[in-house]
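Just so it is clear, A, B, C and D label the chains in written order, and each chain counts residues from 1 on its own.
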Amino acid sequence: MATTTATTAAAGPGDAGGRRLVDTVLRARELSIVAALVVLVGVTTAVNSSFLSSQGVKDIFLNASILALLAVGQTMVVVTRNIDLSVGSVVGLVAFASGKFVLGHDRNIVLVLVLGMAIGAVCGLVNGVLVSFFKVPALVVTLGTLYVIQGLDYYWAHGQQINAADVPSSLLELGSGSVLGIPYLPLITIVVMVAVGYYLRSFPSGREFYAIGSNPDAARLAGIAIRKRILTAYVVSGVLAGLAGVLWLARFGTVVADAAHGWELKVVSAVVVGGVAIVGGLGSVYGAALGALLLTTIGSVLVVLKVNSFWQDAIAGLLLLLAISVDRLLSLRVTRALRRRNARHGA
Amino acid sequence: MSEPPPILALETVGKSFGAVQALRGVSLDLRGGEIHALAGENGAGKSTLVKILAGVHRPDEGTVLLDGRPREFRGPGDAQQAGVAVIYQEPTLFPDLSVAENIFMGRQPRASFGRIDRRALRAETARLFERLGVALDPDRPARGLSIADQQIVEIAKAISRDARVLIMDEPTAALSGNEVARLFTVSRTLQDQGCALLFISHRLEEIFEICQRVTTLRDGRLIATEDLDGLTPDDLVQRMVGRELDTLYPKQDTTLGDPVLEVSRLTREGVFTDVSFEVRAGEIVALAGLVGAGRSEVARAVFGIDRYDAGAVTVGGRRLSGGSPTAAMSAGIALVPEDRRQQGLVMDGSIERNIGLTTLRSLRRGPVVSHRAERDRAADWAIRLQLKYARLSDAVGVLSGGNQQKVVLAKWLSTEPVALIVDEPTRGIDVGTKAEVHRLLSQLAADGLAVLMISSDLPEVLGMADRVLVMHEGRLAAEIPRDEATEETVMAAATGRTREEAV
Amino acid sequence: MAPDASAKTAPALRTRLIRWDVIVTALLIVVFVGGSLGTPDFATSDNLSFALDDLSEIALIALPMTLLVVAAEVDLSVASVLGMSSALLGALWDAGWAIETIVPLLIVVGAVAGLVNGLLVTRLGLPSLAVTIGTMTLYRGLAYVLLGTKAVAEFPQNYADLATKTVPGTPIPYPFALFVVLALLTAAVLHATGAGRAIFAIGAQEEAAFFAGIRVKRIKLLLFVISGVVSAFAGVIYTLRYGSARADNGLGMELAVIAAVLLGGVDFDGGKGTLGGVVAGVLLIGLLRNLLMLRDVATEIQSIVTGLLLIVSVLTPRIVAAVREARRIPRGSLTASSSTQGS
Amino acid sequence: GGTTKNSTAKDGGNAATSGKKADPNAPIKQNLKLAFLPKQVNNPYETIVDNAGIAAAKGFYAQAKEVGPSDASASSQISYLNTLIQQRQDAILIAANDPNAVCGPLKQAMSRKIAVVAYDSDAAKECRDVFINQASSEEIGRSEIKVMSDLVGGKGKIAILSATANATNQNTWIEFMKDELKKPEYSGIQLVKVAYGDDDDQKSFQQTQGLLQAYPDLKGIIAPTTVGIAAAARYVSSSKYKGKVEVSGLGTPNQMRKFVKDGTVHKFELWDPGNLGYLAAYAAAALVSGQITGAQGETFKAGKLGSRTIGKDGEVILGPPTVFDKSNIDNYHF
């Protein structure tokens, strides 16, 4: 993916460059996900050609975009060796809040987006301050804010519902419309993903996120502004969750309080499947987004292949395990091959 | 005469951690164009002093002076900004990032819009490595680097800062002669450019080779700051320890018994090839070689940490199943690993628990681990190894580097092995205790223990070994008996100049 | 050098007082006393025995979960194993099998489920979070495959009684009594035996544990198997207690279990925690929920309270420490002593 | 050997018929404490039902409240049941998430003279006094098929999009739908799949998508759940399937108005959820006051809904559902 091309483009000439190219390709975690996707889509299309129809492709991308957006934010947090379990609750809260906001008014879309992201930013800020300033374990804190935000959301909503009929059509258009045949939702996700990915990879401050996750003590000694970065990661994750909440409203129109309920684990699995190390320091937003795409595709494929409803979960779980196992086996292989070759070339 | 003020100085600085007073009333001045040595026993407070200079710790009392003016460092970033570069005692690398990124974290060469210029990054790293004379791939991740290579990356990181003050906390502890020589060359260049350097080492000969002045600490107190000219190593030891030192290499002559540890044709593809040797009861065999020659890898394979592709390990005539440290331990092998932070110790665990971890079975009373037995054993070893600590229930992480190393030794010696493999056993240990460790090893050997000692400290190898095996690029290059082992013969084999003599 | 004599027990005592699990225990006492005084229906043996019974499965599963988290692993599939066990129990019972045959079989199924988790984690070196998110979906899916939309009921009264009745003469329901016994056993293993030392070492520094000859993989594998077995058995209790075997039994319980374990002061990064803290955490969550319900506090507020509790329990020790540092009382060795807790 | 299903005797019998005598003329007691325990508190449909019930209770001077879990699981309902027993409510009104799981505590409640009314989704017969059924389950199931058959012209493939796989009421309706399909007049209709959207909007949406891809020639989707029908209608309305696939089922007029107006949905059904809560409240009061015991044939007065009679198995039926379409939808607002 983008990671690969960037490195190879910069690689020097000659033998070293060639070797580096091979190394980089072999080391690119994103590759095995792409391969898995290709296999999955290939098999499904062979069975049911309508899967790759324009409607089919559009649906897959539409379905994956919100999850991918959340995965991008989550990656920033996970890379710093933290976790944000509250994203699902934030999406629910924002989807409902912005639904209430637009209810019966013809609000400007930009205003709705700003409001949603602002709510997300506040949630992210709370998480970030607790984790970075008070140095409390991220998992506990965000599990706590998961419950708190969810509670607030449910308490506020208590059985109310936002109906598509009450949502301004301009907002609904955002959820289902497209430019040049590309729906807005995936477009937004891709723009965000590329922007975050490019920042993390190519800017000195972006690399610091990886440094913090890789070795927090060393990061402190290196004079990295750890608190600031972790705070940033959480705020970005919150803002993206807020954005996702508005997009949720735009896409689904009908919203009850528990939108995205339980999505925290879905997002985490997308990130992990995408090759982001849960202990930090490793992985890219591209991988995470691909992981989201893979998970969503598995879900769609099973329905399209007419798999018995009762078997769907079981097979989805199996495929998920298969994906991470194969990926792991491949990377073990590659490491071993690299060790032998490197030794022969002299370290 | 108006001499310029020292670039960096400390004035009556004190620092305590809980009940431990690590430093009290210490003053120090680092002048431009000078290499200043800091000496002291393990736990004397050297690293604490370094961390104060680096802005990691804030002094409880006293001041830090920069160019003669008081200056408060609020974090390591402040010190860096002020031109202070530090090589910490323990490597501080980011394992997931490339070596080049590790070196230039926060100071990457920039292209347009503040982006990182990767080509320049790689080129500059390569230039640094060339200057230090090492062949490391700038693009490889730091994970998996040997301790020595990690140390080299740390050195590259520090010198690349073009700092006015360079502080080096035991940079040579894991290095062998070649790298040390390179480091000294670079240090002298910096000195000539007017930098101030602070150098810490437990190898006294290094201090005498490169430094002009020395400051000695004992128990957190300043003993003296003086010119090295006219000082003898014994004087220095006297200041550090407060007493005369016994001989550093108290090698006892022993009668050799039967072979205890036999390694034959051991091969791990791409790492080492066809390694065969035996260690007899009562014998100390040293495994020498340059950094990266594969010595530690052999030790790991013998102990069952790594699997090997071919060959066999026998202990007392019984063949060992590979890949199981548990099996190796019950056969009577012990391994003091080279990386004490990752492999040797549970840093958050207490001293007593760390020592007891290898002997849980023998500490049992019924199904329950006896806390009293555990504590007794730990206290016993603490005394034998002169461990400096506050409470046995303290985390080992708060001990000084050398004292941590002693805990690792205690942990393994308490298993009462028949074959002991020690990888850099005295890394970071002060001269006083080093002599003690040597005496202990020698004594254990005399009692019939087979010892395989991996060491990059050539005098230690020559002083302690009955026999020296030299590795070069993953193969055994020479076997040198004690009386023929000299600096020249060992180095010749280690650098591959005596291939034909290989066993 | 002799140990520094001035460094004695004073700081240790002070750090002990603000230890996380102590705070949780204190909160538990406050809730209990406050509840008894302010809410007449709370401290009745009827209500308490119900509240305890209601906690049984979470409490039971929290025990192996504690061991796993201390060893720096996690098992998110527990609730799904519970559901799978419940579904299988229903399916077999419906097919005319005897309870006495089914239960041992379920234990085996639980062990296999745990074994799969353990093998994927130890042999392939995959992160357990990822593996058990996968098996969570897989096992829940198998539960649906086994039982579909059916709900099997009408289990024999004598067994149902075992799951709901109290130990004669006490307000303690049998499942909770089982928990008490297992908790004592687990506490003994974790805090007094070599195996416990090994688990702590694995969680704190896996590589060092491996170098010390600890069979890291084997122990982890065993912990996953135990987790599977206990979850499967909790499935039996759950089914009998509610008298209903369904594929969706225990849905979402994994987060409740983890919340209880974390509330009990176990560090998710491994190597730290006490079983006593976890027991207090489990009881605190359960009793507080019961109390809030009795007081007609809306379910949404209960969720908020649970969340705040988690945050407060981790925040308090840090704030106390920060305040103390600000007062320039030497910090003692907070990190050190909280990591080396004995039994 | 061992304890098997066949070796244990089944304890049959309806608790309601155990000796009590009904006095149809007993006055409604005052200051009754009624508690509504819905499947899940933040389900908009349940909220309408319960709020109407609470309002009705005010009419006869009872204190009513709604408590309940935020997830639709049986186990959390049981925690609430036990609390309600401790609080000594006079009547518990429950929409059971699992007919059997809630049985134990409900029996306990009944043994402590707490009246138990099931509504919306039944509990096991012996564990409640009466069940207020929104409409006869049979009627709902059969009429769903009839409506769909009319919409697709009696021919073609159809699918069902249900709530969770374990939802009792949905499953009962689906059984009747399948039975209805056996009739010869529906021979042209083929039920190809029952999918489950778990009453989760997003999942229902995605399931609809999948169904339409898997069966490109699908003619209709029946969603007997308010969440499912809205999600299905929404997907169809914004996809190329609009106008080709019929969506019907059970939905609230407010949710469906947009899709009826834009032509995605032509007909769907629902009873008035408010009346369901209203009737349940009155039934509870009648039980507590001794007007009824839950036996077949007893009658009680239910305010504006007039007199109601308890049918077979202690069921009281609210009435036939309303069919909504373009012509009448604007008359309803819930």
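Here is the rule we go by: contacts are C-beta pairs under 8 Å (C-beta built on N, C-alpha and C of every residue); 3 or more make two chains touch, one makes a residue touch a chain.
Chain by chain, the UniProt names read as follows: A = Autoinducer 2 import system permease protein LsrC; B = Ribose import ATP-binding protein RbsA 1; C = Autoinducer 2 import system permease protein LsrD.
Everything numeric in this text was worked out from a predicted model, so none of it was measured.
Each step here moves to a touching chain, and the least such steps from chain B to chain D number 2. Across A-D and A-C, the chain pair carrying more C-beta contacts is A-C. A centroid comparison over C-alpha atoms places D as the chain most distant from chain B. Each chain gets a centre from the mean of its Cα atoms; for chain C and chain D, those two points are 36 Å apart.
Centroid to centroid, with C-alpha atoms defining each point, chain A and chain C lie 30 Å apart. Distance between chain A and chain B, defined via averaged C-alpha coordinates, is recorded as 43 Å.
Counting partner chains per residue, chain C shows two or more touched chains at residues 144, 148, 252, 298-300, 303. Along chain D, residues 41-42, 70, 165 each make contact with two or more other chains. Pairs of chains meeting the touch criterion are A-B, A-C, A-D, B-C, C-D.
Within the complex formed with chain A, the residues of chain C that make contact are 76, 120, 124-127, 129-131, 133-142, 144-145, 148, 252, 255, 258-259, 262, 267-269, 298-311, 313-315, 318-319, 322.
Per the touch definition, chain D reaches chain A in the complex via residues 41-44, 46-48, 70, 165, 193-196, 200-202, 205-207, 209-211, 213-216, 227, 230-231, 234, 238-240, 254-255, 257-259.
Contact residues of chain A toward chain D in the complex are 48, 50-51, 53, 55-56, 59, 63, 154, 157-161, 163-165, 172, 176, 248, 252-261, 299-300, 302-306, 309-310.
Taken together, the chain A residues at the contact with chain C in this complex read 130, 134-137, 139-141, 143-152, 154-155, 158, 262, 265, 268-269, 272-273, 277-279, 309-318, 320-321, 324-325, 328-329, 332. Chain A makes touch with chain B in their complex at residues 6-7, 10, 12, 20, 23, 202-204, 207-208, 210-211, 213-215, 217-225, 277, 281-282, 339-344, 346-347.
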